[in-house]
Amino acid sequence: MQLGLVGLGKMGYNMRERLRAGGHEVIGYDPRPEVSDVPTLAAMVEALQPPRIVWVMVPSGPITHDTICALADVLSPGDLVIDGGNSRYTEDEPHAELLGAKGISFIDAGVSGGIWGLTEGYGLMVGGSEEDVARAMPIFDTLRPDGPREDSFVHAGPVGAGHFVKMVHNGVEYALMSAYGEGYELLAAEERVRDPQAVFQAWTKGTVVRSWLQQLLAKALKEDPGLSRVTGYTEDSGEGRWTVEEAIRLRVPVPGIAASLFARFLSRQDDSPTMKAVAALRAQFGGHAVKRVSESG
Amino acid sequence: MQLGLVGLGKMGYNMRERLRAGGHEVIGYDPRPEVSDVPTLAAMVEALQPPRIVWVMVPSGPITHDTICALADVLSPGDLVIDGGNSRYTEDEPHAELLGAKGISFIDAGVSGGIWGLTEGYGLMVGGSEEDVARAMPIFDTLRPDGPREDSFVHAGPVGAGHFVKMVHNGVEYALMSAYGEGYELLAAEERVRDPQAVFQAWTKGTVVRSWLQQLLAKALKEDPGLSRVTGYTEDSGEGRWTVEEAIRLRVPVPGIAASLFARFLSRQDDSPTMKAVAALRAQFGGHAVKRVSESG
Amino acid sequence: MQLGLVGLGKMGYNMRERLRAGGHEVIGYDPRPEVSDVPTLAAMVEALQPPRIVWVMVPSGPITHDTICALADVLSPGDLVIDGGNSRYTEDEPHAELLGAKGISFIDAGVSGGIWGLTEGYGLMVGGSEEDVARAMPIFDTLRPDGPREDSFVHAGPVGAGHFVKMVHNGVEYALMSAYGEGYELLAAEERVRDPQAVFQAWTKGTVVRSWLQQLLAKALKEDPGLSRVTGYTEDSGEGRWTVEEAIRLRVPVPGIAASLFARFLSRQDDSPTMKAVAALRAQFGGHAVKRVSESG
Amino acid sequence: MQLGLVGLGKMGYNMRERLRAGGHEVIGYDPRPEVSDVPTLAAMVEALQPPRIVWVMVPSGPITHDTICALADVLSPGDLVIDGGNSRYTEDEPHAELLGAKGISFIDAGVSGGIWGLTEGYGLMVGGSEEDVARAMPIFDTLRPDGPREDSFVHAGPVGAGHFVKMVHNGVEYALMSAYGEGYELLAAEERVRDPQAVFQAWTKGTVVRSWLQQLLAKALKEDPGLSRVTGYTEDSGEGRWTVEEAIRLRVPVPGIAASLFARFLSRQDDSPTMKAVAALRAQFGGHAVKRVSESG
């Protein structure tokens, strides 16, 4: 079917390719002319036959919000907007209302799979009405991997449910990554283990811990044994922070996810103010040696 | 090839089947006559042609130790013992020495895969000499899944390395399980998510969090939506505790693994003494209402 | 000096007593006539000579908000409102603006000390302008313990700073309580320790861990050895949750505070959905025994 | 009374002073002649009238063990050895047996208070027989602060109980220090808080979080606002690690204490291998930017 696609970055670009390969007609818009099919958002809308479906795949936050506002101005009643970015689920209802006031429908779609989705397909978690979701199903079916729909697609609930589930997905992802990271550090610290990479490779089949992330870590360790080419400095993209905030709202204890989030915060600190206070305290009561700044350089 | 197998419980029984299906001649011994091929350990040894290989697959701790001591008495120089149970790696060197004093070789083999290993094959992590490992390779190759050897088998290092890696494997497993558990609890707590089971099913393909454990949780939720048939009471089998102890020895921070271990301890408490102290403290300074024992029944 | 005091609950009632003992004229208002000095809020305002100071000591959230709105209606330009409750600091600026639009000043005051403040004095953390804080200083000086002002009072910064500091105070308090709680549980679990109460009593002087909370726990254990009269069920009053939320906003890792918050969430669950998922997973892959609901009695 | 004191380091030196000020006759031995009262251990024993009491105050581990072995050789039946160092409690029974075989008694004494104990007195937690503890009581009474004995001294149980309690004391201490450290970091991160030092000073009286450690942190922040002269690099002295190990043995969840221990491990790492693995993983699946080693310099 026909689809407008706003945002042709790392994710959107690949999705356009996958959708076209699946026989859909995609009119992509991006401010960078070298990747865009049309010069303007309006031109994209112009090129689509109503009732239109427009997939938004831009950074979450203000850019998503502005894009949806702009679409509200140029789309027509009966059109459908799908926010496929990593928006916080609390932004979905306001967006649905804003569009709904003009007769435009809204679906929030969490998309997982990263750069591998182009070839392997994307995991999809969507929120919206039955009717809207059914209407966009040909798109979803092309984006997701082959096989039974229920293995890679869930209509999780009403508007907001898709991004909520994607947020939890990413919170779990944080904790999984830290789990493998801790395992790696233990293997690397024990001298009797000759080669942590070989261990991660050998966990690929038959073990309880086998997973896609485990395979990726085996691959990363093969490319860079000892991980000497990378630092531990790790950004977080919002979903991890939101997951812990939602856990607090829902009174759900999430020690594993929170630990993995805090580990990311720590990874970006040159020195820990908490531990400076602890070190200063030890010096106060114990006369314990402290590592002075001058020594640590 | 020919193999003696001591211990025909949940794991050993299946391994005998898989090995026989792979063309090996297995003489299994177990104190329960209904599963045993021979009446005694000595009879098992008798039935094997030297140089023998004997795989020990019994509960870790005293039973493994006693079995290895008993084998030391009845085996001959040139024989090889493989401890495939979940022994703590620190017990491997003493066992290797005990057997070595009689000219018997020793390999420690971590085996992962649970009840699924029979059909899917087992992940194997072994420690020992190059020579001994090469000698037992036909056994390992039959036990592990089809495909490249390095995807399901690692000769991790000298004696002890196999069980060390298996211990870390299980520590990581604890943290992975808690990560999915926390994700499940968040999904179940949020009313806009209609069906956590469908979410877990939909994470099976394309997502970053896809894994074997994730699939199993989808299956468990399908069989028992809401998990109403199970309590949170969860045992731990040693490796999780040992992993944190080894992390302390190696000065490796493992907040994720430790959190999942402590969650198991907590799951087995009727009430938390820590929190009783906290509640009592709150009553002291704040006059906060406390839930008295009589109210909690 | 003269002071209006709205809210004569556990905290406000005691504060009125302490202020009167310190020579101030306090007109207290509370909806419960048996404790109130005046029949209505308006009557309280009537009884005060302008420019007035009114201290609000009611539950945080809607009740505080409504009280401040009501005061905005009945107070006059030049008056000063002090919110001494446990409001979230983000509510302070809106309240200051709401009152400021009518020429009324605002101070946020975190008050610590619980029921002991009556006799020992309260720790005070306030936010507001230099001028307003100076004006209310006679009140602060009476409420706080004797001794140097800087030991029990801080003008932490502009409006909001007082409640922010109080929030962090309570977050730290959560972690301190859990620390002593964990210590108690360890002492109670080790059979060679005869009497955990005697240990806590003996930590009162000379030790590094001595504190007011530690003394209170010694007292609680004396009154109820074994803490058999209390359950671990523990509420949280907002500040702990807010502290972790602010930590996330500020990208500050707070593993200790978060652990103590999650422990409270857990203390209120009959069974942990996270651990039910873990138990169900173990049954799936390992055939491990699970504690069925019917067994758990 | 008369006392031999082995080890005149930071702790032992001060204890000698306090004991002498309390009227006891102390013969101190230390390998450093400039502080020692006698040239050799044997000379110290020679100078004491039997039945002797010898207090050992040397670094825990091999040095303590060797000292006790040496004392076993030179002391006589009826003498009493007190190990006041930070020995692991599991070493106490072997030491008691070793000495007991020669008719020498043994007490394990946990001593808290650091460099402040000289003037303020030490908190004492001891293990041993009623008879032995009663015999050494004049020493304990001088070392501890003035006031009721039960506020600063506990006979916790049989041999080992003293060091067990001291270990838990230090585990709790770790968590308390991290709690204040996290609070400090939050205050320092929030721009509306003008001066974290003033806040810590103001928590000294009246607040729920007031404690000796809190006062020390206020003092440290006064001497070095911003803690610019110290790094977060923090050693751990054994008791924190042992506390978590014992918690595992006793199946006691200690998330707060463990978090504070892991924070110390982390503080000593140049970069976290766990987070290097996480960063490498993110690069694998997301094409996320990674901070390359060359950029981080």
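Here the chain labels run A, B, C and D in written order, and each chain numbers its own residues starting at 1.
Everything below uses one rule, namely that a residue touches a chain if its C-beta (ideal position, glycine included) is under 8 Å from a C-beta of that chain, and two chains touch if they have at least 3 such contacts.
It should be emphasised that the depicted structure is a prediction, and the values quoted were computed from it without experimental measurement.
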Open item on the list: Shared numbers divided by all numbers used: is that above or below half for chain A and chain B, i.e. same or different?
Closed with: same
Open item on the list: Let me spell it out: compute each chain's centre from its C-alpha atoms, then which one is farthest from chain D's centre?
Closed with: A
Open item on the list: Using Cα averages as centroids, what's the distance between chain A and chain D in whole Å?
Closed with: 46
Task: Whole-Å gap between the CA centroids of chain A and chain B - done: 32
Open item on the list: Could you work out how far the Cα centre of chain B sits from that of chain D, in whole Å?
Closed with: 38
Open item on the list: Where in chain D do residues touch two or more of the other chains?
Closed with: 114, 178, 180, 182, 185, 189, 208, 212-213, 251-255, 259-260, 262-263, 266, 272-274, 285
- [ ] Spell out the part of chain C that touches chain D in their complex, as residue ranges.
- [x] 112-114, 117, 120-125, 127, 144-145, 147, 150-154, 156-158, 160-161, 164-165, 168-173, 175-176, 178-180, 182-183, 185-187, 189-190, 192-195, 198-199, 201-214, 243, 246-247, 250-257, 259-260, 262-263
Task: Residues on chain A engaged by chain C in the complex (per definition of touch) - done: 208, 241, 244-245, 248, 251-255, 258-259, 261-263, 265-266, 268, 272-274, 285
Task: chain B partner contacts - residues on chain C that touch it in the complex - done: 10, 114-116, 177-178, 180-182, 184-185, 188-189, 212-213, 216-217, 219-221, 224, 227-235, 255, 260, 263-264, 266-267, 271-293, 295-296
